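Next come two complexes built around chain A: one with chain B, the other with chain C.
So, the complex of A and B:
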C-alpha cells in the first residue's frame, strides 16, 4: 500500500513537467477573430489580442520583464476556410497564442453567404473556448473593423463585445455562441446573429443577420429588432419608437414584455400560430401634443396595431424565405402531439401567423 | 564473542545498579546532600523527633505554623500523640519506604521518632504557590469568565469542580511516567458521560509506557487515535469554563499536573472552530462569526492554491475584468506562479515563527518590519505580484482566525500540499489533494467516534451547535455524537407545562 502510494506520488511529481502550462502573462490571449471571404474556399483571417497598457509596478524602476504594453496585438493573413486562425498565426506569435478567452468572432457578409458551417462545427468542437462568446456579421470588412482606429483606447475585442452585450440587454435579442449553436444544430429553427458596421471612428449595430442553416439569408434593420425580440423572448428595457402622427413620436420603454404562443392544427397543412404579446411600459419621451392631450388608449391602440402589422409582415418574410429564426417550428412541435417533423419545411410557408399585442402604458412621467 | 544482548545487559548493570532505596536510612543517605532537603531533629522540652521535607516543595511558613507549634505542646509524647493532636486531615502512618519516598517528593512532611525508624508519620502540607490564576492568554474573550488554568493541578481541579458542584462529578487520578510520576486527572459526570468513552480514556492513559509527561498536548499525542494525522483529535483549552461546559455535555476533561490547559475528549472537527465567545453573544451573531470563521478557514487553505492553478493552467476561468490587473501585476515577476506563491508563503511562515520566538516587545517590531517592509519591497522589486500578496495575507489572517492554536497550525500546514499539487496538476491536482484530505478526515476518529460527525455521518440534531449555534432554548438535547447517558439537558414536557397554554393578548 505504502509502496503504491509512493509510486503514485513519484509519478505525479515526475510527470508534472508534461502538463503544458498557460501562465497568464506568458501567453497572448486571442479575444477577437475576424474572417473575410476571399472566394474559392479561402479566407483572410485577423486575430487581435488585448494590449494591457501599464507603467509596471509602482517604484519597480523599470525592473523585470517589459510590460505587455509592448506586446503584439494583431495578426492577419490568408488561409483556407475552416482553419483555426490561432493555429495559423501561431508562427507569427511573439508568445504562444491561446484561444480560451475568445470573446467575438466576426464574419463578413460574403463569408456568411458562403456558409459558416465549418466555423460553427469547429468552434463547437473546441472545448477551450467559452460558450458566451458573440458571433456577429460585419457589414463591410472584418479585417478593417478589427484593425481600424477608434475613439476609444479600449481593445477592439472589448469594444465589440461590450457593444453587443449592452444592446442585447435592450432591443436586441440575446444571442451568444450557445444560442447560435443551439439553433444551428436544433430541429425546426435557424440561427441569427447581430450585424455590426464600422462607420468612421466608431462602431454601430446594424440590425440582425438571419441565416438559413449556416448561410446568410436575410437581414432585418435595427428598428425592427424590437419586434423580433418581442416575438422571440420575454424582456424589459427595450425602447420602441412610435410615430403617432407625422413627426410626432412617442417612445415606449417597456418594463415588461411577454409572449405566449398558441398553436392549433400543428400537423395540418396550414397550421395556425397565434402569438399573444403583452407589453407593460412607460413613456418618457413624447412629442408635445401627444401624451396628456390625446387619450392614452388611443396611443396604445395605434401602437398595438403597428406592432401587430409589423410582426405579421416580418414573419411573412421569414416564411417566404422559409427561414425560422424565431423558432416557430419548435414552438409548433411543443404544442403538437406526434408532430410531423419531416413535412414541416413544406408546411411552414403556409402556416397562418397571427399576432395580437396588448400594450399597457402605466406611467407617463411628470406631466405638469 | 559478545552478543549484542550481553553487551546491553552489561551496560544496564553499570548504569542503573540498584538505586531504589530499601530502607528509610538509604533514602536519607541519597537525599541528604541536596541543598533544598531539610532533615533535622526537633528537640522539644519533652519530646524529640526527626522532621524531613523539601523546602522547594513545601511552604515553610506553614510548617512552622501548623506543625512545629503543636510539637512543643506539653501533652505530646509520641508519634501517636502528634497524630491525634495535629489539626490536619489525612495524616498517614506507614512503614512503606516507597510511599514515604513518593510523599517526600511531593508536598508532604515526614515526622519520625528516631532518624532511622521505619515508622513514619506523613503530614500533608501546603505546596509552594506556583503561578496565580490569571486571565487566559491564548483563548481570550471580551466578555465572559476571565479565569485561566494554571500549572498546578489542584488549582485547576478546583476551577472545574467549583463549576460542577454535584457528587456525580467524578475525578479520577492516574499517575503517568516512570520518572516524572505526573498526576493526570480525568473529570467527567457519571451518568452523563458515556461509560465506554470513560473506559477508553482511562485505559489509554493507564497503559501509557512513558518516562515523563510534560504537557497535556504530549498526552493528546500519545492517546490520540491516529498520531500521524496532522489534525489534532482532542481540543486543548486553557479556559476552565469551556472545560466545564464540555463536561456538562458529557465529555471528559483531562488535566495534567504542570500543564495550564485541559484536554477535552472526544471532539469533532467543527468544535475546533467554535470560540467560546460564540456562546456569549446573541445566537444569530455568534452563528455569523462561526460561519465567517469556517468560510475563511476554507478560503485560507485553498485560496493561494486556486490562484496558482488558475494562473498557471486555467486562464479561461479568469473574469475579463480581472484579467488586466492580474496580468499587469504578474508581468514584472520573473517566476512561475507556484514559485512566487511558495516564496511568499514561506516568508509569512518565517515571519510568524520569528514573531513567536522573539520576546513580545521585539515581536511586534518584527511584524511591522515583515508586513510592511518585506511585503511592499518584494512587490516593488518584482519578486511577487500585488494580487498574490493580498491573497497570501488574507489566507494567513484566515488561518489565524482559528480559535485553537494547534488547529491553526494544521490549517497553515495544509496550504503547502494544496499549493504543490495545484502547481503540478492545476485544478485536477487540487481536487485530488482535497479528496485525499477528505478521505483522511472520513477515516479519522476521536476516541473511536467519527471526527467529522455532524457532516458525516449526518446527525441533524447535532447541527444545532456546529456551523451555527441555535438559541439555548433549542439546545434541549446533548450532542448525540457523545452517546451520553442522559440524552436531554432539560425535560421538554416540563418546559411545556411551565409555559402553559397560549394566552391570547388583551387586544387580540
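So, the complex of A and C:
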C-alpha cells in the first residue's frame, strides 16, 4: 500500500516536469493587437504588452522603479493575412509571448474592407483567448495608434479597452468579440464594431463600422449611435442631443429605453417590421427659453419625430446596402413560423420598416 | 451462481439519487448544444426535455424488471440475461453490458483528457495522466461500491456551484433566439432526440448496482428525483446556451458550454480554465463506477476475482487511451457508443421488459 502511494507520488512529481508552465513573471502577455493592411494579402501587425518586472524594495513607494506604462513593449512587422501575431513575434520576445489576456484587436479600414474572415475564425477557434475582448476598426493606422504618445500614462491596450467599455455603457451599442461572432456566424445578421481614431494625443470614438459579414461596408457617425442603440437593445445611460429650435439644444438623458419589435408577413415578399421604442428620460442641459417656456409635450413630440425619421433613414440605408447590423432578419425569423431563410437576402431590401418612438420626459432638473 | 451480498456492503436508498445523477452528467454536457441543435435548431431544448422524461420511463421499467428478479436471487443484468436466455446464450449476451460499461468509462475518460489537452496542457502526455488517474480510480474502487457512491455524493455537492452557473446567468441572453417555439417538425425533433443519447448514457447503470441497494423499493423514488433533476439541469443548460449563442455560432463550437463559461462571470476572465479542472469531479465517479461494474461483471461472466479483474480493466483503460490517438477517433468512438446506447435504451431494455412478462406467463402455464 505504502509502496504504491509512493509510486503514485513519484509519478505526480515527475509528470509535473512534462508540461511547460506559464508563470506570470516569466511571460509577456499580449494585450493589444493591431493590423494594417498592406495589400496583396499582407498585413502589418503590431502587438503591445506590458512588461511586468519585479518591484523595487518594499516600502520604497515605487520610487525609481519603472511603472508598467513605462515598460510597455511593442513588436511590429509585416506578415501574411491570417498569421497569428503572437507566433510571428515570438522570436522578438525576450520571454514567451502569450495571448490569454488579449483585450483589444484593432483593424485599419483597409483591412476591414479586405475582410476580417481569417481573424474572426482564428479567434473563434483559439481556446486561449477570451470572448469578451473588443474588436474595433481604426480610422487611420492601427500601428500609429498603438505606438503613439498619449497624454495618459495608462498602457495603450487598457486605454482603448476602457474607452470602448465606458462608451458602450452609454451611447454605443454593446459589442464585444462574442457579439461579433454571434452576428458573423449567425444567419440573417451582420456584425458591427466601434470605430476609433487617434487625434493628437487623444483617442476618440468615431461612430460604428458596419460590416457585410466580414467586410466593412458602411460607417455611421457618432451622433447616430444613439439611434442605432435605441433600435438594437434596451439601455439606460445614453444622451441624445436635440436641436429644438435653431441653436437651442435640449439634451435628453435617458434613464430607460426599450425596444419592442412586431413583425407581420415575415414570409411574404415585403415583410412588415415595426419597432416600438419607448424612452424615459430627464433633461438637465437645456437652452434658456426651452424648458419651462414651451410645453414639455412639444419638446417630446419634436424629439419623437426626429428620432423616428432618423431611424427610418438609417434602416433604409442598411437595406440599400443590404447589411443587417440591427439583426432585423433574425427578429423576423423569431416572429415567423417556418421562416423562409433562403430568400431573405432578396426580400430584406423590400421590407417595410416602421419605427414609432414614445418619449416620456419625467423630470427637468431642479430649476424652473 | 450469485452469492449473498452482505448488508455491510450495501448502499442506502439515497445512493440511488447520487449514483444516476453523477453517471448521467459527463462530457456530453459540454457539447450537448451543438449535437442536438444541428438537428433541431432553436427548438433543441424540446428533445432534451423529452429524452429526460423518457429516461424516467426507462428507470421505471428497469425497477419493475429488477424487482421481479430479486425474488429469484441475483438481480442485475448479468443474472437476468442468464436466467432468460440460458447459460450459453445468456453468457454471450452478457458481453453487451460489458462493452457498454467499457465504452462508458473509456469514452468519458479519453474525451476529458482531450479537452484538458486542448484547453490547458497541449503537451500533456495522455499515458501519464491516465496512469495517475487510474491509480486514483483503483484506490477508490478497491473500497467497494460504498466508496464509489461516496465519491458520487461528493461530486454532487462539488458540482452545485457549476449548476448555479446555469441557473443564474442570463447576461447577453437574446430571448428571441428560441422563438418561435415548436417550429420544427417531428422528424427534426426525433433526430435531435436521438442525438441527446450522448448526454444521457449513464442512466441504465441501475442494472448494475441494484443488488447493492438496501430497501430498493425506497430507492426507486430517489432515482426518479435524480433523473428529473438532471433533466432540469440539462434543459436549463440547453435553453441558456440557445439564448446566448446564435444558431450559426453554435455549430462552429465543439464544446459550447466551455465557450459559454468563457464570459459568464463579469469580473473574471477565463473561468473556463477553472471549470475544465473542476470537471474532473464529474469524471471521477463515472469512471470509478464503470471500473467497479466492469470488474464485477467480469467476475460474474469470466469467473475472475474482482480484484484481479479491476487491475485488468484499468490496464485496459491505459492501453486503450494510448491507442486512441486523435479527436477523429474519439468522435468515432463516441458516435458508436451513442448508437449502442440508443439501442440499449429503446430496444434492449423494453425487449427485456416484455420478454420477462412473457417468460413468466409461459412458465406459470407450464407449472
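Observations on the structure shown:
By our rule, the second predicted complex is superposed on the first by the 337 of 368 C-alpha atoms of A that agree within 3 Å, B and C clash if a C-alpha of one lies under 4 Å from a C-alpha of the other, contacts with A are read in each partner's own complex, and residues count from 1 in each chain.
Operating definition for what follows: a residue touches a chain if its C-beta (ideal position, glycine included) is under 8 Å from a C-beta of that chain, and two chains touch if they have at least 3 such contacts.
It should be emphasised that the depicted structure is a prediction, and the values quoted were computed from it without experimental measurement.
Contacts of A:122 after superposition on the shared chain: neither chain B nor chain C is touched. Legend: residue contacts after superposition of the two complexes on their common chain; A:80 is shown touching neither chain B nor chain C. With both structures placed on the common chain, the touch criterion links A:24 to chain B but leaves chain C unconnected.
When the shared chain is aligned, chain C comes close enough to touch A:338, but chain B does not.
In the superposition on chain A, contact of A:100 is made with both chain B and chain C. Touch criterion met: A:130 reaches chain B and chain C at once. On chain A, the patch touched by chain B and the patch touched by chain C overlap at residues 12, 19, 100-101, 130.
Within the complex formed with chain A, the chain C residues making contact are 118-119, 121, 123-125, 128-129, 131-132, 135-136, 172, 174, 176-177, 179-180, 183, 245-249, 251-253, 258-259, 262-263, 269-270, 272.
Those residues of chain B that touch chain A in the complex are listed here as 311-316, 318, 320, 323-324, 326-334, 336-337, 379-382, 386, 421, 423-426, 429.
Taken together, the chain A residues at the contact with chain B in this complex read 12-13, 16, 19, 21-25, 27, 29, 50, 52, 54, 56-61, 63-65, 67-68, 98, 100-101, 103, 128, 130, 158. Residues 4, 7-8, 11-12, 15, 18-20, 100-101, 124, 127, 130-132, 176, 178-179, 181-187, 189, 330-331, 334-339 of chain A touch chain C in their complex.
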